[in-house]
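Dropping the structure in here first, questions after.
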């Protein structure tokens, strides 16, 4: 499906503040970026670099006063995601070098502390895709989705205890549980068509049977029409905007529509 | 100046052919990409990766039949390029690690064979920027610009002998001469406002005084309003389209206009 | 000083287990590796790769039974580390791209939760080196060094509360506090001459005034004669041995001696 | 077989000269580096970095006067290399991203000029391994191995014409012919047991059937017991010593012995 998506961020900036953005999706297996448009008001110099995950990052200094960023893009996306029940676990010794970093614990995904729970949840499931799906399904059924119950310091250990959170928390928990089973797992941020309520979204990918598969613990059914914006170990790596100063986010609008 | 630029490539494809494209500029010191649009007809799956120079590369298989790629983009560009007469040479031992590869000879820039000529051209000039400018100016005055006099196999050694070529040959010669003086130099492809006749363009950058400077041996005066599309050692690295099959390029249109 | 250093790890392996090692220091600003020797018993195939931090990593599958790794190396090291009181803070917008990742919170360094404490500790100190030294000195004076009080799940937030730990905990706390002040900080593991009791060691580096400086909160005085083995965001990245199976570490011997 | 190998380079340095070395093999599929030792006389600061191919590079400034580098290493090596007649060609669209750079022409491997010859040599051979072996065998039978017939400027086009050269020229020609058939090929430098006369050696690898295979056009039979030191596009990338100043190489000794 062809999607028209984007977001608008408005800030109040008391004093000039450096910002690192991740606004610019790349074309990949499930998506083709047809067009992109960036508006930054007031006009501000931007420099771009590629981080160690391959994400395109934009650096700028937001000037004092009102500040607005608007991104809009048109993308062709896959209508469904691949589901592969039975796809086997890859033994650690056969994992590609560049997936090994996604086995390590990270700020929000303390896989070193969730091993017992992962064993419980996946008991009886075949190693690999079925374990990940058991984890995804368990989260979907046991964690309550509710805005305002978590914040930027909430980690997977917190979510495992409180059993409440938002998409980012669902993804962190899924990632931490997978890693504790020696399945590489990474964070994805992006857009999802017909997400309700509409917002930026987060989900995760797990590496089984030689490739990355998409999992979304906030959804009952596997759903396609996603636009991946960035990959990382967890939310620390893939913040759409990391600000190093006292900027106040005043408003945020997100849209994902079918492009006719 | 705000520029609207782009190109259209049309092909006749006798049998499905893999292609690697470099279509997607990044935002950097002298340019800010405001919007981009890609059209590929017929619609074809595309995957993107980042090469070792940081360029975004698009991989696809062109289907048999007529095939068309159109890229258009709007960019804010610097009206002038930095000129720094007197900027000093950086001794090799002080060069950043990632510039060292741009000292090595490459397919079209056989710096190992042009050392004597570089010494002649730069005799009496201060090491660093002034040497590079002496090279640039010498090429501008001694190489005749003429379409159809060189092809995809023409190297800087050929150009130094025949003294005729196009922008790519001018850049290759400049790069090879710089490298032979132990000044890192790299190839740039992109767009230049008011290039006459309009076409895709190539120039080079040299590393002096701790940063990269822009040099264009095809132009009498330093000119800004450039959009960099890709960087590399030479034209082998930065072909806008590298095709691995018998596709025939049937037409090519390039435009760079002021965006009002 | 010329040092002869090394370590011996002995394991009991119930079933074949994949291991990722980081055994191999590189030569850098403060050290020159003169010789290295590796013994792995029984003999086991090893493959090497470079991680995203530039560390050399060795992958192998430890066979069932007794398993032993011994590394020994001779290195020329700097007798002192640079101390630069007054070296200024680098504003985030001027940081090199590759240092930005060391501003982000990580598994053991939850800089997002320690900002207030960092402000308290550094109140009145000049931004930059002096802030980092204030942090280092505060840790040295307020955290008790004691073996057996922390484990592989202990993070900087835990250490800030319990005020007890070992070198790795000291380093994590220093890193987290620096990052919360927007000073890039990274974990270092390696050897330190005359460390008492002798063991593998951990410390941290902070980026001020355009370069990385060494800080060690376990020591009263700045001390040189260090051999850096690996760099990372925190201990998750720089484990000398990351094992993916039920291997039991039965013994560990570390030595650092003057090589006459 | 366990090998003890190394080399000694002695120079006469009229004035301090920067040098980039590639001395330090990594452990890989066919080799395990057990020990290494470096001697640099007089003692000189060395900094190490990793290039875009993953090679470990050492930077130093050779002081004026006599200068000596000695490397010695002990390695476990595979006694044979894999031979895979019939292993299939990988279509360009299925090649891993990081192999694509080894399809491009380079300084000494002008694959864009040797396509017709490659077609002639491989006529009738199955695409993939058999084509590469046909090329290797053709070079072995048609190019005369003779010292002193080529130099640092000699390229594959020269060797194809003159039909004479040394190991580096044999490798360049093999690489260029493979690339012209859209088979990724890369340069290898290292040590070969019982090479006669003993010297540093060069050969090439080609990517077929999803992995790299070793080919050596200087040898009648496939031979193992090799130590790979560095990989690159061609000799420009993998010089054991790249010097940026008027150093004179006064002597060179190479040894590869069985370690009993």
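As written, the chain order gives the labels A, B, C and D, with residue 1 at the start of each chain.
The definition used in the following text is that a residue touches a chain if its C-beta (ideal position, glycine included) is under 8 Å from a C-beta of that chain, and two chains touch if they have at least 3 such contacts.
What you see is a predicted model, and the numbers here were worked out from it, not measured in a lab.
Separation of chain A from chain D in touch steps, taking the shortest path, is 2.
Relative to the C-alpha centre of chain B, the farthest chain centre belongs to C. Once the centre of each chain is set as its mean CA position, chain A and chain B turn out to be 36 Å apart. The geometric centre of chain B is 30 Å away from that of chain D, both derived from CA atoms. Note: centroid distance chain B to chain C, computed from Cα atoms, is 43 Å. The multi-chain contact residues of chain D, meaning those touching 2 or more other chains, are 49. If you sketch which chains touch which, the chains form one closed loop in which each chain touches exactly two neighbours. Taken in their complex, chain D has these residues touching chain B: 18, 20, 49, 51-52, 57, 59, 61, 91-93, 97, 100-101, 103-107, 110, 112-113, 152-153, 182, 236-237, 242, 244.
Of all the residues in chain A, the ones that touch chain B in their complex are 26-29, 32-39, 43, 45-50, 54, 56, 58, 76.
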